[in-house]
Each structure stands twice: as structure tokens, then as C-alpha cells.
Amino acid sequence: METAVLDRLHTEEFLVNMGPQHPATHGVLRLILKMDGEQVISVTPDIGFLHRNFEKICENRTYPQIMPYTDRLDYVAAMTNNWAYARTVEALMKVEVPKRAEYLRVIFGELQRIASHLVFWGCMGGDTGAVSPFLYGLRERERILDLFEMTCGARLTVNYYRIGGVSKDLPAGFHEKAKAFVKYFKPKLKEYAELLSGNVIFQKRMKGIGNLSQNAALALAVSGPVLRGSGIRWDLRKDEPYSVYPELQFEVPVGERGDAWDRYLVRFKEMEQSLQIVEQALDQIPPGDLLAKIPKVLRPPKGEVYVRTECPRGELGFYLVSDGSTKPYRIKCRSSCFVHVSALPEMLDHKGHLIADAVVTLGSIDIVLGEVDR
Amino acid sequence: MWPYISGIIKGFWSLLVGMKITVPYLGRRAITIQYPKQKMEMFEAFRGRLALARDRETNKEKCTGCQLCAKACPSACITVTQRKDEEGKRRSEVFEIGMSLCCYCGLCVEACPEDAIVWVRDYEYSVYDRKQLLVDKPTLEAIWRNSLSQFKKEEFNEKVA
Amino acid sequence: MIANLVGRIYAFLLGLLIRWGLPRPVFDFGAMIVAGFVVAIFIALVVLYLIWMERKVSAHIQQRFGPMWTGWHGWLQTIADAVKLLMKEDLTPTNVDKAVFLTAPFVVFVPSIMAYLVIPFSATWIVRDLNIGILYIFAITTLVVIAILMGGWSSNNKYSLLGGMRTAAQIISYEVPLVLSILGVVMLSGTLSMNGIVQAQGKWPWQWYWLPQILGFLIYVTAATAEVNRTPFDLPEGESELVAGFNTEYSGMKFAMFFLAEFANMFLVAAIATTLFLGGWQPFTGLLGFICFMIKSMAVVWLLMVFRWTYPRLRVDQLMDFGWKILVPLSFVNLFATSLIMVLRK
Amino acid sequence: MTKEDILARLKNQFAGTFEVQDIPPGTETTVKLSPGKAREIAEYLRDDSYLRFEVPLCASGVDYPPENKIEVVYHLFSLAHRHYITLKYYANRANPVVPSMTPVWAGFNWHEREIFDLLGVKFEGHPDLRRILLPEDWLAVYPLRKDFAYETYVPMPPK
């Protein structure tokens, strides 16, 4: 078309409300997209639809009672949330957790990481339009949830970790079942790499989308696979090792360009690494106590502490202020997803991305709205 | 020119590889179950439904009404009051659980010193009326008794098999 | 056998009515209407079966059962769903362009029914063997885009509008490779009549045009997938970005119409593929030929379904890139190679 | 850098504008800033090549009604040097206005919005101080303040 005609044609930008009810927002997130035709000019996330003020609830609960509420923060990775909270209170009380409990924590934490990344992997397929990977991902996740269920009785809201240890020992037959899963899952990972990662359409959809530079990643304090996708090798399990991670062999995969494809690959490789960790931990787990010796009624000393833990989606930090009573004076939950959503405009604004790319970018930061809104 | 052609061939090949993975599934068995017809066997540890257990031999109440469960409950959905029975032992008078508030965390079961409040592996407990979610003591004990008969059936089946 | 029967009934009725003084053109017109109805009912049945098949294929690819309860392995499920959709409240959102909004679901059905009239289901089972059959089909099927555009535009919804616009762009660009890819077949057979093309292909699979026209066949399948808006080219209704695309605002029976039309079109492109590349009703005639034709068409449909449950979706610009930069040049290559070989052979 | 080194470096530059707090269990350096020089100290912490606190981890607000103050706490981390620091400043409960740290660390943007929303602290110089978690028609009560009572929340009447 001649430019003269284009000039005469009246066009205008328009707003698209993506969400709160939209198939691709992974929950009740609302993105206000300013669009020029199919192109996204800017994005304004609107959150809070799932807000229940977790922090205020915690101020009215005793320390052990808060544990079930942490399940519901990031409900796709409840185990690691439990862990993050337990670690925070333990840091305040200076509790030494028994070795066996630490191993159990690592096993379930890493299984949870695989389960969570499987959901991500499936949703990524779903976001790009391939539905079957979603079902495959959930199928494998079911096996992990079976392991959770036979140990602690629940699949999603596990409430398994306790301050100073874990609540239950491994049931009979767990070792065999977990080993069988590891054996079953390894070839599956290869299959999935062929099915989705190798697919030319999928690669085209993911590469070069939603770039986040290293500087921006640091300035916005993103964490976990998003940070590593931007090429920064930072993993709390390696760099500030807690629990028994120093005794286990694993690598920290990083990306190069910081686009959706890198974030996807980082998560995919993390699944392999987590599988390795689970395998080692299952072999090395010593016998021993499950709970440290802690008083029945918990009264952590006066003080405050900020502890962060590497969860599947990034670092979950708890800022805990104690006034010496049985209830925390203040808990601030610094959720990684909250930060990642705030980084969304940085990834999308004015880059000429299309609406489909917005969906892919949102999928690639893998948010859970339970944790964003708290 | 060559990258263009090789790109087409590689892309085409990757699509064939994708088909190679999905098509064989057509011949495999489904892994899901037909729920109301088939039912899942739950694990021993499954946190299904709360119940109030009695002593198996003497059929006496285990609960002493100590209210530890009520104190442990994060959502404060358990109401317990205490009384003394004919023998002068402490028993619970009222024992109510508001299942609409319950978050199935199991802290009450862990807190109970008498193992009176227990998990039952039942998972079909939807009701038609919200009022029915306030479960009182006789119902809680009935749930436990029902679960016992279920156990017996399973044991019987095992013996037959 | 059946064709014979139909022929006898036709002759009998013709004799009877002419004797009663009915003018011949009126009778022909009536016969056409009856044939049209037969085709429409046939389409409805095929579509019902296809929806069930899609559910089963998707379920088994994902290791599920799919519908199991309504009838044997759920084969009545589609009918149950259709009844449910019929009984639903017929919603018309406020601020829609009412006339356009209400007609769009019916307009979408017209082209597919019209196109079926020239499909040779068996040697003699064809409503009208036009001598420009292919041309007619491709002229008619393009009209689907108008219905989708109507639905997308009139819904007064940004997602619908984007979906409708995408369809327009997509169908127009994929029409080019689609037509180019079948030109090779037309050149080989030397006719535009659908039945003529089937007859020009030999009796056996190695004589059918898929072999000499393998590139054309692949291009046709790809472009046809795009024509009927199925994954990986289902952008107009790409559920992860556009909710449901052009039919976001449609519900109840109006939605069902769009849904059924999608499957009718899918069977149509499969039937065309069968006619042009897979030898149509060959190697049998009559009822056996019809069964042959159906099996081949279903195989093509099955392929489209496997595509859908395996692949992610392309992005809008990639879709255009793929259409214009890969499919169109390739179909020209195919056309050129075909003509070259034909010239050399002479 | 150890805790002492960080403090020594800060004292060198900004003696008198902050005070060091020793809070158990004492894993992090905690510094209480006075609002006057807060922004300069923040920029120094970010830019100084020995400190390089480039990662804004977390910002939270804590309400202390008896002392009539709201504490705003910033947790910072340096990826280059692997050390932590906690910055605090106190706002008056009646009129809590503090300088915003968002111009220095972009990552605090949403955290400060959250504090504004839930505790009612106003951040001066924040580019986009809007509601974030609570609904738009929420009254001016701040749920994370200690005097917030559940009774102030009126639920929808059951049908």
C-alpha cells in the first residue's frame, strides 16, 4: 500500500484486557495490554485478585500453625514453601536439623522441583498451542504426587515439613517406588526434548522472545530460572548452600540471551539435575531422627531474620520479626513470582512483540498467582 | 540458498519426530480410570476425612476432651468441651469440626495424645447442604466405624485372593 | 446396487411426474434439492462421527479414555452435546451488529455444503459432475473467510476482531499455495472435472497422483490445514492468546454451527485430497468405491487430527512467512518440475 | 566483605547520618537511616565498587503502635561481593512519609507499592504509587497495621 493511503487510514491504539479470565494467564492475573494491531506496545500487570493477606493471617497464628498456609502460597510447589518457612524459623531459633530430616527435605524438595517444572513444561506447550505436552507433564507429575501422598497423605497441600525437621518418615516401599520413578523418568525427559524442545515451531515461538538483560535482571532482583536464564550463575543451593546440598553433586544450568527459550531450557535441564540429586539422596540417606529437639510451645527469641530459599520458581524469602511470643510479630513473604510479574513490562514493552509473544513471555516466567497475590 | 533448504528439511524432520512420539500412544492403554465405576485405592497415610476413634476392644471413647487439637488447629474449626463420665474420667462433651473451614493439614491428628482423632481414607464426602459440613461427635464416630467395616472388607478380599 | 436403486427410483419418479404434467426443469430442480438434502444429512452424520473421532484420537494420544459413557465408547456423546447446546439459552451480547452476528453461523455452513456437490464419493455417486469442479470448489470454499470475518467483526470484541482479521490474512495467503499445489494434478490429468481426475488416476495406489505429485501433496496437506484453521495454523481461534478467537462471543447453537462447520470443512479438504491425490473411489466402484473413498478421507482427517494434538501453533508473522516464503516458492518449484517432466516425456 | 568492613566504609563517608543496629540473631548488617540523607546513602551503597549492593531483595513495613512508628525495611544483596545489608527507616505513624528507594533500585517498585497499599506509607519520589493488592474500592484502612481489626471488614451478606 502506498504511504499516502496509510496516512489517510485512521488507526488507533487500543487496550486489551487479558484476564482475569483468560486461558493463558495461569490464574487470575490481569494484563492490560496496549496494542497497535497485533503488536504489544506496553503491558501493565494488575494483580491482587487472589489476595488474602497471608501476612496478616500469620500474625494471628502460632509458628507451627503457619505451615499449612505456606502450602497455599505457591500451590504448585508446596514442599519448598514449607521448607523456606521452616528454614526461616530455624534460623531465628538456631535449630540444628537432624541429618535424616535434611535428606528427606532434599528428596522431597527436589521431587517438588521436578513436579513444578513439569507443570511449567506442560503449560509452555499449552501456551504455544500444543495440548498434549500438558497432559504428558501432568501424567509424570502424578507419579511424584503419589510419592508425596504415600508419605504425608496429601498431594498438593502437603504440610510435610516441620520446624526442626519433617513430620513423617518414609513409608515402606518408598525407596523402590522413587527409584522406579527415576528410572522411568530419565528416558521420558529425552522423549520430551524431542517432542517439544526439538520442534521447529516451538523453537521459533520461544527464541528471542521476552529478553531480559543481565543488568535488568539484577536491578529487578529476579531469581531462580529467570535469573539463570539471563546468564547469571546464581543458585542458592550452590552459592549459599544450605541443608545437605554440599554433599550432593549437581550442576547449575544457565542460559545465554535471557529469552523465553533460555528460561525454558534452564528449567528443562534443572529437571535432569534434580533427578540426579534425588538419586544420590536416596542412596545416601542415613538413619536418624526426624525432628530436632525443640520445645512443644515455640517461642523464638526476640529478633528478626531474612532467609531466602531456592524454590522451583525462584527465591522465596521470609522476613520474620519475632517479639518473643508464640506468634510472629510480622512475616513478610517475598515471593519470586511477585517480582517476576513486576519484571514483565521490562520484557515486553516497546519490543515489537505480538500478543502471542506476550503469552509466551508470561508462560516462560512461570508464575503461580497464589504466590503473587498472597 | 542452502540454509533455506536445509531449514525446511530440518523443520520437516522435527515435525516427523514429534509425530513419532505421539502416534504410538494411540495404541497404548489409557492410564486414567473411569471414576465412579472404578475407584482409587488410597495410600495408608492418605489424609481423607477426620474421624473420632474409640478403643477397638472396649469400645470406650478415646477422646479425653483435652482440647489440644482445637489449639493446634490453624483455622480454629474444632470445638471441644470437656465433661466427666460415670467413672469420673475426662471425656469430651461436644466435639464438632467445621469441615468447611478445615484445611486438612493434619496438625490436630499430630497433636492428639490419645490418638482419638484420626484420618480415614474415605474421599467421597461431598454433601448437599452447607449445614452438614458442621460435623458433630456421633457423625465423627460413625465415620470411624464405617471406615472399620471398609477395612474389614479389604482384609477379607485379601484373604480370598 | 444402491446407485442402481437410486437410479430406478429417479427414473420411476421422473416418468410418473412427467406423466402428471410436471415440467421437466421443475422436476430437475426438485431432484437437485433432494440431492442437496441427502448431502447435508450425510455431512451432518460425518461431522458427528468426526467430532467423536477427534475426541477419541486426542484422548488416546494423551492416554485418556475420552467419552465412554454415552453409548458404546461414547459414540452418542456428540449428539448429547448437540442436544445440550440446542437447549442452551441463545445469548446475543449487547452492542453486537445483530444482523451480521446472527447470520454468520449459517453463512459459514453454506460453502462447505455447496462444495460437497461436486465431490465424487463413488464412480457415479456425485451430485453434479461439473467440468470445472476443482475451480468451483476453490471458488466456493474461500467464502468461509467471509463468515468468519462476519462473526469476528460483528461480535464487538477485540479478541474476535483480531481472530477474524487473522483468518482473512491467513486464508487469502494460503489459498495461493493451495491452488498452485493442485495445478500439477490438473496438468497431469488434463481435466478440471473431479470425477475426470479420479478416472485419470489408475486403479492402484502406485498409479495415484500422490506419488508423482509428492511435493504437491505435502504442500496441499499443509495449506489445507491452514485453510481449515487447525493447529499448527489455528491462529483465528488460538485459545491461548485470543480466548476463542472469532467465536469468543458465540454460545449455544450458534457456537455449535461454527464448530460443526470446522469439521465439515475438515472433511471437505480431506475429501478433495482423496480425490486429487489418493485416487478417490479407486480401485472399486459402487458401494465398495464409496467405502474406499471414506477410508482414504478418514485417514487424511486422522492425519490432521494427529497434527493438532502434536504441534504447537505458529505465530501470526511466522504463519505469513511460512506461507509466502516457503510454501509458495515450493509450489512453484513443483509446478515447474511437473511441466518440465511432462514436456520431456513428450 | 565482613560486617565490620561494610560499616567502616559507610562510616567513612556518612558518619552521623545513620546508626547501626544489632538485632539478634545478627546475621546481617542492619543500619538505621535518617530520611534526610537516605537517598545519597542508597546511591553510594549501589555504586561504590567495594559495596555494590545491586540486588534489591525485599522491602517490608513493620508497624509498631506503642512507639508510634512504622519501620520500612530494605534488604539488599550484592551479587558481586556476596554480602548483605539491611536498611531501615522509621516513619511517623500518623503521617508516614518516607523517601522512595525505587529511583535507586527499580526492583523496589512493587514492594513499595505493596507497603503503601497494606500499611499506608507514602513514598516520596515513587514513580507510580498506586494500589496493588487490595481492591480499588477498599477503604483507607491498612490491614497490616496492628490496630486493624477483622471487624472492620464487612463480608457480603449470605444469600
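Order of writing sets the chain letters: A, B, C and D. Residues in each chain are counted from 1.
Convention: a residue touches a chain if its C-beta (ideal position, glycine included) is under 8 Å from a C-beta of that chain, and two chains touch if they have at least 3 such contacts.
Source: prediction; values computed, not measured.
**Q** Return the chain label for which the distance between chain Cα mean and whole-protein Cα mean is smallest.
**A** The most central chain here turns out to be A.
**Q** Measuring centre to centre with CA averages, how many angstrom lie between chain A and chain C?
**A** Spacing between the chain centres: roughly 44 Å.
**Q** Averaging over Cα atoms per chain, report the distance between chain A and chain B in Å.
**A** That pair's centroid distance is 26 Å.
**Q** Roughly how far is chain A from chain D, centre to centre by C-alpha average, rounded to an integer in Å?
**A** It comes to 25 Å between the two C-alpha centres.
**Q** Show the residues in chain D shared as contacts by 2 or more other chains, in ascending order.
**A** Not one residue in chain D touches at least two other chains.
**Q** Which positions in chain C are in touch with at least two other chains?
**A** In chain C, residues 61-64, 309-311 touch at least two other chains, as defined above.
**Q** Mind pulling the chain A residues that touch 2 or more other chains?
**A** As it turns out, chain A has residues touching two or more other chains at 132, 139, 195, 199, 201.
**Q** Pull out all the chain pairs that touch, please.
**A** A-B, A-C, A-D, B-C
**Q** Chain D touches which residues of chain A in the complex?
**A** 47-48, 51, 53, 55-56, 91-92, 94, 218-221, 232, 234, 239-240, 301-306, 308, 317, 319, 321, 329-330, 332, 334, 338-339, 341-342, 373-374
**Q** If you look only at chain D, which of its residues touch chain A in the complex?
**A** 23-28, 54-58, 60, 62-63, 73, 75, 79, 82, 84, 86, 105-107, 109-111, 118, 131-135, 143-144, 148
**Q** Can you list the residues on chain C that touch chain B in the complex?
**A** 57, 59-65, 68, 306, 309-311, 326, 330
**Q** Mind listing the chain A positions that touch chain B in their complex?
**A** 61, 64-69, 71, 132, 139, 146, 149-154, 157, 159, 167-168, 171, 191, 194-195, 198-201
**Q** Could you pull out which chain B residues touch chain A in their complex?
**A** On the chain B side, the touching residues are 10-11, 14-15, 17-18, 20-22, 31, 42-47, 72-74, 103-107, 110, 119.
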